[in-house]
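Notes follow the structure.
By written order: A, B, C, D, E and F. Residues from 1 in each chain.
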Amino acid sequence: MLHTVNKSPHDSSSLRTCLSLAKPGSDLLLIEDGVYGALSGSIHSDTIAERLNSVTIYALGPDLKARGISEDRLISGIKVTGYDGFVELASGNDKVQSWL
Amino acid sequence: MKFSVMVNEGPYTHQAADTAYHFIDAALRAGHEVFRVFFYHDGVNNGTRMTTPPQDDRNIVNRWSALAVEYDLDLVLCVAAAQRRGILDADEAKRNGKDGDNIAPGFRISGLGQLIEAGIQSDRVVVFGG
Amino acid sequence: MSETKKFMYVNRHAPYGTVYALEGLEVVLIGAAFEQDVSMAFIGDGVFQLKQGQDTADSDMKNFSPAYRALGDYEVNCLYVERESLEERGLNEDDLMPLTWEDEDDDWAEKKSIHIVSRAQLSDLLEEQDVILNF
Amino acid sequence: MKFSVMVNEGPYTHQAADTAYHFIDAALRAGHEVFRVFFYHDGVNNGTRMTTPPQDDRNIVNRWSALAVEYDLDLVLCVAAAQRRGILDADEAKRNGKDGDNIAPGFRISGLGQLIEAGIQSDRVVVFGG
Amino acid sequence: MLHTVNKSPHDSSSLRTCLSLAKPGSDLLLIEDGVYGALSGSIHSDTIAERLNSVTIYALGPDLKARGISEDRLISGIKVTGYDGFVELASGNDKVQSWL
Amino acid sequence: MSETKKFMYVNRHAPYGTVYALEGLEVVLIGAAFEQDVSMAFIGDGVFQLKQGQDTADSDMKNFSPAYRALGDYEVNCLYVERESLEERGLNEDDLMPLTWEDEDDDWAEKKSIHIVSRAQLSDLLEEQDVILNF
């Protein structure tokens, strides 16, 4: 199952709710303002990093770039992908849950 | 693979309309089929031809219309959501006693059943929203 | 359409402040005609949609809470409410509207539509679905 | 006391348009002056006459128009925000080469300077948004 | 100074941010989905109740009623007011800050 | 208009995900012509508006970050950024665009427009305003 989160973890409960319900083995793609959840050194980084052993976390590259976030600022283990990768994740998983 | 997409926010106001567009564009370029794009909530505001964005910005409405022509896409605005937000085609204008319509080329207005049907007919439904 | 799919409508917004709850419910009511295997989940502030005693007389909005009571007649009778979301918000099951449906296969016995489930159970339910629509 | 109000969200989608209306109505009934109501962001969607809400729901657009008549209210839609969202009066339609307009009675389209002026001229500015 | 908050404290950071910046003696009016912040027994209730000795907190009655929240469910000390009271708070304070 | 008021534009939204940052900036640029006493505050996710290195080429949105650099020319040169908001987000002052203005009263010396302030200082600044507009 692919989960997407499009809201900042600082402003919205979406990422927290997503992580509370995502099963081990799930994929999570951070998009739009959701990519702020991929930043290292924030008050949410540790919580997110802890889930990387059970959930594969991606961040959408074009959205990171728009927001001026270079890949060296990401939590270690988070993968960067593009719109093509988003389509592959959506087709490779059996369904998509969007945490709006 | 057969995708359908739901777009729940208006253009410019939320990035969801951009992300949905790029997702669909990438899916079509990868050879997937897009059965339907269903616009709900403020998403119906993607389908008005009255929009005039600044010249140095993308034209989100025209971009949808062009994609519809290129790939014969089915772009559906939910009628109930469109009525609440003042988006009309000629039939709706006549039915509701309005003096004009504003739907953009390549879009059509239809009922919520089109969303459920898209869920039944498609391998994946992806929701973009605010 | 011969295929039957498992549809889940996931509700995460409070009513009235935004339109998502109202327009989400409209999808469920229309969708009921398609004879799919339908359920609703109420997570986070979505649990507030089911709060008893909604009265919009003073704010002049449309009170759409009675429509939840009609869900049983549309054969939408699996409403899963996350227990942790209720507790975090200071609510319990008694705060929710007493929604019921009549079971045709059990001599039209009146049964509860609302099921309070744990986060872990809800996580399992999400995995079982074919189509998830988010409101 | 002289109030001005800024409305930043569209009708039905967010309650902000309702709260702003009831605040203004209460202020006027209490004898206060409302210098201007400025609609920005999706707030401009309050000003389209093409809206047809369900019959058992309030008509937010008509409610604004009626209040404007009753109290001679100045209801201003921001032109830049309106262009992005497809809200037009006859002048704007002509200027942008559009085949129709959709502004509701009692509203006018003008620039952002009207908001700043409202801030300067009013004792209080109250912002309603999403 | 009058502060308004129109978002649920469970979904948005608005109330937290407001309380972090509101000075003692301020008025705070909870409106729209913000009125959920007035509910007693929630995970945020204690934090909000602690501020009642320095900030006067109101909740908009019509919004409580729409959401089925009766006054006996509110955090003790929170006052209920209507649209008329909102206008009085806005005119009685020197300015209004809306935490959208 | 003879009166001069203290206007503060309070920015609490990240750029691009929603339009508030862009349309808020448009208000500031237009407002500059009215010769009021203007400042901007960046709180919460609003601090992301000033992040260096924004590049929208791959997402095809309008990159409006260069407009912040023009603020100095419009005599908008007091941008207050809440230190706690930066820290909570893993950012520091070096992550922000180096915005400057030229001080006419000091032989056109180039000065910083961004002031990192504590939560307590920002709270004081809010109290000093006549008009607060929120984006």
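Going forward, a residue touches a chain if its C-beta (ideal position, glycine included) is under 8 Å from a C-beta of that chain, and two chains touch if they have at least 3 such contacts.
This structure is a prediction, so every number in the text was calculated from the model and none was measured.
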Checklist outcome for this item: Chains in contact with chain A and also with chain D, listed by label, are B, C, E, F
Checklist entry - For chain B, which other chain has the most distant CA centre? => result E
Checklist entry - chain D and chain B are one sequence twice: same or different residues at the contact, by the over-half rule? => result same
Checklist entry - More C-beta contacts across A-F or across E-F? => result A-F
Next on the checklist: Please tell me the distance, in whole Å, between the geometric centres of chain C and chain E computed from their C-alpha atoms.
Outcome noted: 28
Checklist entry - Just curious, how far off is chain F from chain B if you go by their C-alpha centres, in Å? => result 35
Item to check | Between chain C and chain F, centroid-to-centroid distance (C-alpha), Å | outcome: 43
Checklist outcome for this item: Contacts with two or more other chains occur in chain E at residues 6, 10-11, 13, 32-33, 62-63, 82, 95-96, 98, 100
Next on the checklist: Can you list every residue of chain D that touches 2 or more other chains, as numbers and ranges?
Outcome noted: 12-13, 15, 22, 41, 54, 80, 84, 125, 127, 129-130
Checklist entry - Could you say which residues in chain C touch two or more other chains, in rising order? => result 16-19, 44, 59, 61, 130-132, 134
Item to check | Pairs of chains, among all present, that meet the touch criterion | outcome: A-B, A-C, A-E, A-F, B-C, B-D, B-F, C-D, C-E, D-E, D-F, E-F
Checklist entry - If you look only at chain E, which of its residues touch chain C in the complex? => result 6-8, 10-11, 32-33, 36, 39-43, 45, 61-63, 65-70, 73, 82
Next on the checklist: Can you tell me which positions in chain A touch chain C when the two form their complex?
Outcome noted: 1, 13, 17, 20-23, 95-100
Checklist entry - Which residues, counting only chain D, touch chain B once they are in their complex? => result 10-13, 41-42, 45, 48-54, 61, 80, 83-88, 93, 96, 98, 100-102
Item to check | chain F to chain B touching residues, read off their complex | outcome: 16-19, 59-62
Next on the checklist: Give the list of chain B residues in touch with chain F in this complex.
Outcome noted: 12-15, 18, 22, 54, 56-58, 130
